[in-house]
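Next up, some structures in structure tokens.
Next, two complexes with chain A in common: one pairs it with chain B, the other with chain C.
Right, the complex of A and B next:
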């Protein structure tokens, strides 16, 4: 395939110049693609190794940096699934989902409401409130950890999932609110005005008109929230103390702590399993996701 | 259908800017009223206040017998067509049309029947299952029109609905809308329409009456013929008509009772038809002559203004002749068949105004001072 743009197909044989140009284009393309493939492979190799190594035996694990197992075994998956606790890994999966699902739903609803308010309505103190919202975006996470812990302890929420997802129901993630606001600003108001003329009240306008148009942004929000929550280690570590309630991130750590000689293949096997939900969700929502982050940021 | 009354409507924005200065307008039942004016004349703001999309800071809006100041748009009995169509992008045409009725929880059969009727009138039956992004501009505008029509509102509001279309389509949509208005009237369902545009061709061809606005004030409300022939002030005179009316300073004086006008040292007699109507005292005035009311004569002809041709534009059926007379630049429109092809740039030429069709305006207020005696309309 020639990479030269639109050379009209003529019956005449190509001239010397054309041949030279084509050869140059081909060489340049080969070079570029080779470089991209090599760099890409280097970057993705740890992941490939992870998947391959999860099928290796413990003895083989660190003998070679090559990912392909000599004696493939699924023993790692069987052992890993059982875990060193009275619960199977599935139990921890369900725990994770008990945090992730309410958190994602809460984020989507609360961010939409707050962003709609900021993007479309004038109210006293709007500028100050928006400034505070952006300020919390810049605030390092660790600063709020201790006050938050004390607050949730007073509420008696320790060792429950509430501290992990309740803030999301109150639009606690300023980043997502900001992302939706930016996206909303790029959507012309006429559609909403037309809906109001058609007799829709504010809530109906939001649900029937704004939310469908916001879908790409909301998909991105949900996806980010899903992945970040699934991978969150610090939050559960601080608030969850009973092993029975551990999400995946803590359970993985548990399997490293529990035994003296690490069963690396079962740890890796469970890591692969822990990655899968995020990967599946990402690929399902990829199209809307890319649309969401690109248009949310660039249009203005 | 109902009449619409605006009583001393005012709009002042939060920053103190006053956009609309207490305007009064009465749109009769079934009337097609066009609001026209240059950008920033508050015509769209006025329309949006009628719709309820902008708050009203003073005065009263009445639709039928109801004062609607504090009603939300959905309860005012209006329907609106937006400039960029504002179709709901995620809904099929069918659902775009019926959205308002579905919100009102009308029975499904009624919605289906209304959709069928409206799509029939606008010839969009074939498009019902398409999404807005699959429509051309003209089709989208017809759907937007249908969405207004299906609600059977008291008043239709149009906000520059044709300005996103190309010239050809605009002309055909213009005819379509006026036809629809006439058809509804003939069927005994007259539609009260307020139509905002900056395009004077749309205004002149579509409106039963036209309301010319400037800087938040109403300049004149009249039917197209009156507006053209008897503009109330220099602004209306200059705004309506293509090319613009020639407006230039002159001095009105009376020698032995016969009024005459002097501009840049050239004096013309005020023709009889006009002399009767001129009410002003002698002094500086603004003289207004439409390009169509100037004819080409030999230089230095009495009562003609003599100048030099600065440009000639051949338009096919007519020629636009630009001539410099003293400090003023005048435009005359001459039918091609009567145009002397030997004339060229730099030639001296006389321009004879069609006496009775001259307008005189107060030099300061711009008020037309040549209408007084003959106020039939």
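Right, the complex of A and C next:
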């Protein structure tokens, strides 16, 4: 399978073995391409169909598997934008941003501080705390969810966005801390030491020397957090009860319940709208994503 | 860095330590305590000893069903998804032109997958007159009742998660690209065929990543919620009623916090047991470079 790295191009006539290997390589490449294209189409077609179908009329929706609409209409988007509530889709989008923005900022700041602490300092209890950090990577949320709810209830935070982003300000996502620590460990310390010799304190060193070098890692962190928070459903489902405060995910669920039986294209149009921010962010920054995922390993 | 107080680092990790205590450690202990109580939010928790667990294991048929469904789901989804991810990664791990394009295309479903918008899409694709059935009929087949038939519904949700094999695949691919190419050359000169090379060189060398993916995907699969909640609401006949759905209903619909905590702890115990089993068995099959045992 994945043999055949570089066969040196030599002036001498190719040996029997080299000829055989080259032939194998050609067949192999053809097979691989065919397979990848077929699988790729199966993977992507549902999304293409989704976009096409969101422009179809309700009458045409379930008549053909072909994605291209016969008489394209934007009625789905008009109805979808209005939603089945007194609020527009834009209103829910802004609600989502009110959760996402504080959460992303909090995550970036707290993870940087904590990762710096772990990667650059010795302190009593560091080993234990780091072991706990790793252990919590595997800790299922399901076991802490109920008391967390009771805690936020005591604080009077139900039906606010605070339960959704406040934990992020205290480095609540151990995974991101871990990712930044890994990144920091690979950065040489000479610059930081030079800055310290010149009289900078550790916080100044962090802000002016470390953070600029950390930028690629922090971009990954922000992107993943943006995506996950944008798509989070269970969190808002538990904590947000007023329709006016719904983020996109809950608004979409509400609309399905209200109009699914008849207004299919508006549901699909809303689905497209709900996916658009994530898609845009992904395509703008796919390099960071793939790097982030291959270096740290990501759930999802 | 010399000269600094040895407590300086503690200041930096303090946010994490506080968050850990408030949002993880305390809830962790509290939920264990709550699992031995009767608590409906109206009066304070009342200690009932093992009553919740006793009910779970002896009298609760919903729990039996839900546990069964959950185990079936996990043991179906994780191997299918990982095998597929590894297979595609191996196919991609070649000097193909356009490899990045494919990698991106395969990764997109993973990026969007957590969104309930995708779960909504799934309902349309697998509806009785949905995309998949339209294609089946176009090829002269019989339409399948994907969600209405209790025998199919869980599998349809499994398909949704397998569709999101992208992140596992990207991790596999990174590991495959790290395998020393000279090993392949040596083996092929010695006359080993592609399958033997894969089986005896590639596979052992990437076992750490297989192990990592296995654990992460298993822990995640046990917590699946969005898919069944949106697509099937746990039905038909509770055939997709995974434990997280049951916990959610007990906690946030019936407000039976004690009982919900007990179910959560059983789920947690199962996940822990399987994780420990994986770690214990890893000594026998996971190969770490420089490790003499293998």
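Rule of thumb we're sticking to: the second predicted complex is superposed on the first by the 251 of 300 C-alpha atoms of A that agree within 3 Å, B and C clash if a C-alpha of one lies under 4 Å from a C-alpha of the other, contacts with A are read in each partner's own complex, and residues count from 1 in each chain.
Methods note: contacts are C-beta pairs under 8 Å (C-beta built on N, C-alpha and C of every residue); 3 or more make two chains touch, one makes a residue touch a chain.
Keep in mind the model is a prediction, meaning the values are calculated, not measured.
Of the two partner chains placed by superposition, chain B and chain C are both touched by A:196. In the superposed model, A:241 lies in contact with neither chain B nor chain C. Partner contacting the larger number of chain A residues, of chain B and chain C: C. Looking at the shared chain after the overlay, A:34 reaches neither chain B nor chain C. When the shared chain is aligned, no partner comes close enough to touch A:88: not chain B, not chain C.
Touched by chain B in one complex and by chain C in the other are residues 193, 196 of chain A. Chain B meets chain A in the complex at residues 51-53, 72-75, 78-80, 82-84, 86-90, 99-100, 103-104, 147, 151. Against chain C, in their complex, chain A makes its touches with residues 1-5, 17, 21, 28-29, 32-33, 35-36, 39-40, 43-44, 46-47, 49-50, 53, 62, 64-65, 110, 113-114, 116-118, 120-126, 129, 132-133, 136, 138-151, 153, 167, 169-172, 174, 177, 192-193, 196, 202, 227-228, 230-234, 238, 249, 252-253, 256, 264, 267-268, 270-271, 274-275, 278-279, 282, 286, 289-290, 293-295, 297-300.
For chain A in complex with chain B, the residues that touch the partner chain are 188, 190-191, 193-201, 204, 208-209, 212-213, 215. Listed in rising order, the residues of chain C touching chain A in the complex are 1, 4, 6-13, 15-20, 22-24, 26-28, 30-31, 34, 41, 88, 90-94, 96, 102-118, 120-121, 124-125, 127, 129-131, 134-135, 138, 163-164, 167, 170-171, 173-174, 176, 181, 184-185, 187-189, 194-195, 197-198, 202, 212-213, 215-216, 219-220, 222-223, 225-226, 229-230, 244, 247-248, 251-252, 257, 260-261, 264-265, 267-268, 271, 275.
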